[in-house]
Amino acid sequence: MTASLASTPTDPAILSPQAVTPGSGKYDDDSSGGSDAPGGAANPGGSGVSGGRCRATRRSFTQGLLTNKKALAGTAILLLFIALALLAPVLFPDNPSKITGMASEEPSAEHWLGTTAKGQDVLALTIHGARSSLLVGLTVGLASTLIGIVVGLASAYFGKFVDEALSVTTNVFLLLPGLPLLVVLAAFLPPGLGTVIVVLIVTGWAGSARVLRSQALSIRSKDFVAAAVVSGEGPLRIMFREILPNMASNVMSTLLGCVIFGIGAQAGLEFLGLGDVSTVSWGTNLYWAGNEGALLTGSWWVFVPSGLCIALVAFALALINYAVDEVTNPRLRKIRAPKDRVPKTAAHKSGSSHSKAAQ
Amino acid sequence: MRFILRRLGFYLIAFWVSITLNFLLPRFMPGDPVSRMFARSQAQMKPEQMDQLRKMLGVDDRPLWEQYIDYLHNLFTGNMGTSISRFPTPVTEVIASQIGWTLLLGGTALAFAAVVGNLLGVFAAWRRGGAIDSALPPLLIFIGSFPYFWLAMGALYLFGVVLGWFPLRHAFSDTLQPDFSWEFVSDVGAHLVLPALTIVLVTIGGWMLGMRNTMIATNAEDYITMAEAKGLRPGRIMFRYAARNAMLPSVTSFGMSLGFVVGGALLTEVVFAYPGVGYQLLNAVQGLDYPLMQGLFLTITAAVLLANFLVDVLYVRLDPRVRVS
Amino acid sequence: MTISQTSFGSHEPVLEVRDLTVQYIGDVRSTTAVDRVSFDIGVGEVFGLAGESGCGKSTIANSIMRLLKEPARIAGGSIRFGGRDVLAMSQEELRRFRWQDVAMVFQSAMNSLNPVLTIGEQITDIFTTHAGFSRKESLRRAGELLELVRIDQSRLKAYPHQLSGGMRQRAVIAMAVALKPSLLILDEPTTALDVVVQQEIMAQIKELQRELGFSVLFITHDMSLMVELSHRMGVMYAGRIVETGKAHDVHNNPHHPYTQALMGAFPPLTGPRVQLRGLADGVKFTNIPDLEEVGPGHYAAPVPATSVVGTTGTTGTVGTGTPGATAPILEGASR
């Protein structure tokens, strides 16, 4: 539930000029030749990509992500959790719900994270819980993003009535308060993992559709799409081959946002007891922790691990999302102090104090 | 004016959708309420009782459209049925007794988070690379990554159980009678701190980052350079020129985020047993009190839509450009 | 009265720019946008800066008011205004200096006005900040200012988007002269406007200049406008001034091949038809040397053969071939 607020708006205007000006390379080649080139001097913050072709932009996008510390840290955390989830049956071959110790034991050598009030091993529950949580998160994220892409592209390509209808539907779903709707839907459907996934997709797709629609609309209005229409390319080809590749970074950040939403909302739903309480997931772990009064008995080790895991995964995804923003929107990047590059003259001193003032 | 009317029309559609959804859910979902209640009662229910229940819920053998008209008629005459778990109290009465607490909790938390978060965002963008700008965003993203209810549990454990600074549950002490005495008001305040703090902690990062990023974009606008050239004082440029423009997207997301705050408030209310509509909604679901559940959902939706409409009206006041177009 | 105005009548120039160098610091490499540029503007004088987009004209304008933002930095040189060192001013000094001593009309009036404040509010905050007038007094003066540029007082309550492009620019000009500055910087003030409105605006500026007597730094790439309005002018290329002198001298007798090309790129409105000529395709000048005097008060950068790079195989015709111009030999690399 926290995701939709935390995901930062990307500025579509920043992305588009580089991504969608095919064949403007003629003069750029000239001006990037000399070091004192007037063209380059005037527009230092502008498009540094000469020739501005899509592929070059995408390569630099991936490259930017690979060299971004936030992206790397996020990916590392995420991979760690995926590895744990995959290795869970190897690390703890027994059923994690099995009672293996005394009730509410503190962390010890035998039970690294202690035991629950029932006497289950908390570490086993936590690591096994990653499987369901990540699975649901990824499924919900992928499905919501996919719906978002289809709705967004259809809106942008067909326009007029289709767009009107789709955007009203999207906005209505966006406005209906998510969690109460989740709760009501979950109350009517038979409990189970499938229900949780379906319910989360129903309440989660609208956010991604809204973001992707506006981006698709701005790309739809570019000349190269008009050219593709005139040259008789089919609707599907235009939507998926012309428009979609140019919004790759938006799709990515939407996907990340949706996965965060999925993991958080699943946990919330299960914490409320509206999921399938017999499966092991971070949400159900917390449900049982609450139910068995872990808080009041002071067994902090029962509810800390699962919550921390949810937070770490969400944080990792948010970090990657933030990095995507930074890579595509240069203005958000940290300003480096380039002191070593400028000769230290008296004039420079006054120059630097002034540029601080200008901010 | 046209803008307002358009938005009003849109909210009416949204409200109609939620009413219809509410109507269709019990009738088309696989888990039919009455058979679930039958199962819950371990088949102790007599057929007459089940028929009576069906009638009470408006689910009977009449054609669907007749039921629908009946349903709408009831709704617009303020009749949301009778609560099952609190029989025979009407649903509207149950809701009325609780919505105040949610408004108090959600309103306080939302206002505080939005004001402080946006201010932090303004300052962070104004001093790029300064202390606020470097330290707070990662910290707040991290805090914002925790589930609402988990932070609520943590706060409850730390400040309630271990330190004993704040009361553990409910909105006021059982020993007090609700009135406007200082004692009661301060007691309500003490009960409000932890739940509100939880919501604030989770949401404030979103406000701050959103505002910061729009402020950074706004600071590059020509009118900011012009304001600087005019030799205005920094405070005036920051607020009247930069923030005043950068807040416009923030106002829009204020409306959008109401739904999430309601959701967050719901989870927080559950952890603190805070007697608001969210807590009640969960109780209704657990007690299979379908009329109450539906009534609560409709009320929450209506409140969110109304708040969004008010935000739109405010937006028109803030952005002169939408007044004409 | 500010210090600057004491220099009225003396021979000291209002603005002295010496060896100004501005760099844009990039992640990979830095570019020098303004390279050792020097010029003076006298009291009541209109000085024009011409040159193609991106040659550094606007960067100079922003440097004078110290409005440059990251990643631009003043890397060297000095800017003196009425004898005061602009680059050494403290924040508060700078704030007072801005608009009271030097005001500026920006390129696009739509973008330089705050969309959510009324025109009135945006004029009055100049008065309340700098002159300390009450709100009521400020509003009265704002109304007078609008009348001065022939906009009805009732428009004080209008928002920028409710005015036409020409009106907006006139409102901006009104703001610029609000405090009767001794120097007005016009950074391509008419670029975004159509020709008729452009003429109105220029007439307006001329009239105000006659009335108020401020000096003007006029930046444009429209040569005919520049020659019409300026007393003296400088021609910029790639961050350097390649030629400077009396506007008519530079116009009638351009020395540098770039100036010749620039003059040739605009059709004369009267006289016989001539073929338009610009700079030949791909011709560039590098390592532009310092200016040398070519006539009384008329300076131009000499053009050694090594400073011209031609990337396309052209013959040596650059510019209009005005008598007196040293026709440079181009190193034409064949295609």
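Couple of notes before you dig in:
Labels A, B and C are assigned to the chains in the order they are written; within every chain, residues are numbered from 1.
In the analysis below, a contact is a pair of C-beta atoms (placed from the backbone, for glycine too) under 8 Å apart; a residue touches a chain by one contact, two chains touch by 3 or more.
Computed from a predicted structure; not experimentally measured.
Of all chains present, the one whose mean CA position sits nearest the global mean of protein CA atoms is A. Looking at contacts between chains, the pair that accounts for the most C-beta pairs is A-B.
Look at where the CA atoms of chain A average out and do the same for chain C: the two points lie 47 Å apart.
Inter-chain spacing, taken between the CA centroids of chain B and chain C, is 54 Å.
For this pair, chain A with chain B, the centres built from the Cα atoms lie 23 Å apart. Shown for chain B are the residues in touch with two or more other chains, namely 220, 228. Among the residues of chain A, those in touch with two or more other chains are 335, 358-359.
Listed for chain C are residues 67, 69, 94, each touching two or more other chains. Considering their complex, residues 220-223, 225-233, 236, 240-241, 244-245, 248, 318-321, 324 of chain B touch chain C. Interface residues of chain B, counted against chain A in their complex, comprise 10-11, 13-14, 17-18, 21-22, 25-26, 29-31, 33, 126-129, 141-142, 144-150, 153-154, 156-157, 161-162, 202-203, 205-207, 209-210, 213-214, 216-217, 219-220, 228, 249, 253, 256-260, 262-264, 266-267, 270-271, 278, 281-282, 285-286, 293-294, 296-297, 300-301, 304-305, 308.
On the side of chain A, the complex with chain B involves touching residues 1-2, 4-6, 8-9, 11, 168, 171-172, 174-190, 260, 264, 267-268, 271-274, 286, 289-290, 295-296, 298, 300, 303-304, 306-307, 310-312, 314-315, 318-319, 322, 325, 331-332, 334-335, 358-359. For chain C in complex with chain B, the residues that touch the partner chain are 62, 65, 67, 69, 94-100, 103-104, 106-108, 111-117, 125-126, 129-130, 159, 161-162, 172, 175.
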